[in-house]
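Two complexes follow with subunit A in common, the first pairing it with subunit B and the second with subunit C.
Moving on, here comes the complex of A and B:
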């Protein structure tokens, strides 16, 4: 985490232009104001002190103001980050719910037609360029079939006040008389982008689930259970799935970084008001403060999810805990 | 190939040859390999064999559909785009831009990564631990995000994109080289040559590299499929190759506005990217499978 802040701090030196302006985003400040800001950031002292004051500002939630819109980065991020969290969470759930069972099926029918077909499809799904897939999805589902809307988070008809930022909660907590229509509308809007984001991670989950199920099915306790005369269904549902799931959970964190990247591109295409869309806009506008803030926010988001999955993995799997304390 | 067994001594093929033997067992992998070779050849010879120039406008033939369509023209086999540029020629030149450049990018970053990785495997203590932690952080940031940040620093453009992708691929290679070298170093044959008095560099060159090269190659195919996707994505987002260049991602972005009247300008480059990535992945998959089979014997 600290290395991350170090990275963003050094980024402000790499970007073209004055470093202090890159950090704060005050592009049209007078020389006197700049001198004041420089004093605030310990500009005249050593690099370490400068970094320290940068950290202090960071912990106070001060990331400077956006060079393009003159709004504090923190506020902008707070309005964009929840949309991304929403999209990635829904996509992750879809990917897991679809991918893991298919992987299990492939493992159970190992070296048969089903297994081959699933593997081939997952290879193609893994290789599809995400932006192309998104465009095709829009073409098919929004334009030709007209089932799902193609852009935005919710229809503009509904006015939802932003409280938590996560739209679904906002709708549920609001006292709008058309709450349920709004909820339906929002879920229809999220379906297409989430499915597009979910496809590639789902195929990875298929592979992970397949390999972990194969190792589990190969293990001794499964053979013992089989020797006891359990039916195949009992074997799979009671013994194999639980143990195979544990191994898949461990890799969810790693997949999440991938998923966030995909979400960034998808947000641009679906015009989703998330942080990826905002970040890419700010690159076009050379909004360096926004780039730093966005990088920091996205990476810490990934980092937190990473740690979180590690905890879940450790709490589910006594073996993972045992190694740390045992040896 | 007939091989006379003059001597009773058994012949041990080198690791790469063994890999090839296992590799060519699966037909699907060989098809992928064939496509891969085809793309490499296309990337090299595209300026010679493409029928038209990729950037020359032909305003008499704007938005011609592909030849199998009713309105299509056989002299423009895959149709033309909004400025009358021949899609087939553009796709061919795109092969050398997207696929060929990704190849170069991977080789460059593999070269740097292997050198740094070997050095870090040989050093111990604070330096190597610092490197490890630094790499962990870099690897935890999504590669595309990092590429976008680097492009933001350097400014958009094709060459900057390539440098960005080289930089983001290096940590993966460092990581895998480091692990492989450390693993090999524990083996007995390395100890034997060490007892013979070989220096570390000599051991690396003669004993270790021939034994880890296949791991590097299989990582390189992974990296290449990622590199193709990254180059195309950056091109699509308008941060990579500028629009007139026939890079597949940029071509796709160019076609978006005409998506509804001329869908072939969008689906053809997309198919090309898909084809290249699937071919690369198939080769990589076959390589990993061959490695696994060899390990089991």
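Moving on, here comes the complex of A and C:
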């Protein structure tokens, strides 16, 4: 994290324009105001002190104001990040719900036709560029079939006040008389982008689940259980799946970083009001303050998710805890 | 066994998703979206008061949705009809116009303003005084520029405004001007609420008058997010009857393909300025509409300088130009524009049906050139405007086509272009020999074409880029302004068009069209040949 702040801090020097303005985004400030801000950021002292006061501002949640909209970066991110969380979470669920069982099936049908087909399809799915897939999905499902909408989070028809920022919660908590219509509308809107984002991680899950299941099936306790005369169904559902899942969960965190990157591209194509879309707009508008802030926020977000999944993994797998205690 | 369990799992998954999708389908019957209309517009209005702008985006979003004018243009005939003023009276000398206002015109009732009274003469007085009276509190608010009213010389025409009684108001003019009524009927002459203005003065929020608008139009303002959307609610007490929609939303989608995609995916009910007309026409659920807009793209000749001070050479050039090829290339066929043979579009009431098109004939052109004494060729400068306009989407390509056409009769064309500001400045100085330019009318009164484009007055100011000043033509224009009888004016304008066609100071090329695409379930007129769009009478089925 510290390395990251160092990077964003040095970026403010590399971007064109005054460093202090790049950090704070105060492009309309008078020279007197700039002087005050400079004082606030210890501009007159050494670089290390400047970096330190930058960190202090960061910890106070002060990321400056956006050069384009004049809204504090923190507020901008708070209004855009939930949409991204929503999209990636739904995509992650879709990827897991679809990918993991298919991987298990492939493992169970190891070296058979089903296995080959699943592997081949997942390889194709993994290699499709996401922007191309997104455009193709819009072309087929929105333009040709007109089944699913192509842009936005919800139809503008429904007015949902932003409270948590997670649209589905906001809809459920709102007192809008049309909230079920709104809920359905939001579901239809998220389906296409979420499926597009989910495809590549789903194929990864297929392969992870397959390898993990193969290892488990090859292990001694399964052989023992089999020898005890358990049916194949009992074997899989009682013993194999849980143990195979543990290994998959460990990689969910890794996949999340991938997912966020995919979501950023998808957000732009589907005009999803998330942080990726906002960040790319900021790049177009040369909004340096927003670029630094967005970079920091996204990386912290992925970082937090990593820690979080490590905890889940530890709680699911006693072995992981054991190793920690042992070492 | 595992296969069965797996297939069970999938069965559940499929059933769940089917239920989910079915659920989505079920809301289509009688839902909020059935009673709301989403219009995908091409840009964000800079302000929500059309008095202050000339931009089409603002006019589309505000003029006919939020506001009313004293009088309006009839959709079919383009003649002036009652609106907030139920009738009006013009004195014999055309210098006093008295408006009698409706008594049941309610202002919008919103969260930020609750009107206590209906519209009366004070509101009309307030709205026009904002433009005319520099000492009025609101005159300088939001920039204090009134470009449309400046361009028609509004302040120079009006002597005074008089309130006769609560529901009667009189405009006293300095001189007769029969286009004055048309100016009052444009999208820019909206009526604001004086009561609201007083509230804003008390709470010291003067700017709100243009950003949190209060008007009398069929829809009231609810929310605007720049670059995203504008949300309107129906004005339940609207004097012409409550609009049938429950919600009107402008979804701001600047990208052409974005609007098309949204239309095809069913996210927009109506889109402005569609592309891919064939695709829309092929879809049975969609329909494409067009109106010929009140504009003209033309080739103007500088009649103050050789060689185009010679009528024969002007006519020769006109004969040599293949207009159809220009329409096909620059305007993408008849689809995007109508071939012009007069400076007035055919939908104007003053259009002379007997105006003949100048036929494309190289022989005729060569004959005229010989008559003019040009035997060994000629070199001319042709100025092509550097910007895109509806009436001329690509002047440089047009200039190249003309260059090739004129080559055939021995005229060499140099194409010249500057940046737009420089271009206009040099044009006004008369440095050009010929120019590709155009004009969009502010209101459908024919005078709005003739006076700015071809009158002696505008030749002096440099607005008339042909510098053509014909006394007989001028007399007809002046005469037509002094009378109000439509038939008499029509006769005068027909005569004027005949002179213009004969003298040919400019060669009319095209009147471009304005397009709009909508779902067939949307009923009612939205697009008008003139001015902004209107959702007042629109409903969904």
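The rule is simple: the second predicted complex is superposed on the first by the 326 of 327 C-alpha atoms of A that agree within 3 Å, B and C clash if a C-alpha of one lies under 4 Å from a C-alpha of the other, contacts with A are read in each partner's own complex, and residues count from 1 in each chain.
Here is the rule we go by: a residue touches a chain if its C-beta (ideal position, glycine included) is under 8 Å from a C-beta of that chain, and two chains touch if they have at least 3 such contacts.
It should be emphasised that the depicted structure is a prediction, and the values quoted were computed from it without experimental measurement.
**Student:** Assess the superposed three-chain arrangement around subunit A: do subunit B and subunit C clash, or do they fit?
**Tutor:** With subunit A aligned, subunit B clears subunit C, so fit.
**Student:** After superposing on the shared chain, does subunit C or subunit B touch more subunit A residues?
**Tutor:** B
**Student:** With the two complexes superposed on chain A, say which partner A:50 touches: subunit B (first), subunit C (second), both, or neither.
**Tutor:** Neither partner.
**Student:** Examine A:289 and indicate which partner it touches, taking first as subunit B and second as subunit C; both and neither are also allowed.
**Tutor:** Neither partner.
**Student:** With both complexes superposed on chain A, which partner does A:127 reach: first (subunit B), second (subunit C), both or neither?
**Tutor:** Touch status of A:127: first partner only.
**Student:** Look at A:266 in the shared chain and tell me whether it touches subunit B only, subunit C only, both, or neither; answer first, second, both or neither.
**Tutor:** Neither subunit B nor subunit C is touched by A:266.
**Student:** Figure out whether A:143 sits in contact with subunit B (first) or subunit C (second), or with both, or with neither.
**Tutor:** In the superposed model, A:143 contacts both subunit B and subunit C.
**Student:** A:84 in the overlay: touching subunit B, subunit C, both, or neither? Say first, second, both or neither.
**Tutor:** neither
**Student:** For the superposed model, what is the least distance in angstrom between any CA atom of subunit B and any CA atom of subunit C?
**Tutor:** 5
**Student:** Based on the A-chain superposition described above, do subunit B and subunit C contact any of the same residues on subunit A, and if so which?
**Tutor:** In subunit A, positions 143 sit in both the subunit B and subunit C interfaces.
**Student:** Under the touch definition given earlier, write down the residues of subunit B that touch subunit A in their complex.
**Tutor:** 133-134, 137, 140-145, 148-149, 151-153, 225, 229, 232-233, 236-239, 249, 252, 256, 259-260, 263, 266-267, 269-270, 273-274, 277-278, 281-282, 285
**Student:** Using the touch rule from the top, collect the residues of subunit C that touch subunit A in their complex.
**Tutor:** It comes out as residues 1-2, 5-6, 9, 13, 20, 23-24, 27, 31-33, 36, 38, 223, 229, 231, 247, 249, 251, 258, 261-262, 264-267.
**Student:** If you look only at subunit A, which of its residues touch subunit B in the complex?
**Tutor:** 3-4, 7, 11, 14-15, 123-124, 126-132, 135-136, 139, 143, 257-258, 260-261, 264-265, 268, 279-280, 283-284, 286, 288, 291, 295, 298-299, 302-303, 306
**Student:** Over in the complex, which subunit A residues touch subunit C? Could you list them?
**Tutor:** So the residues of subunit A touching subunit C come out as 97, 101, 105, 108, 138, 142-143, 146, 148-152, 155-159, 178, 180-181, 184-185, 187-188, 231-233, 236-237, 271.
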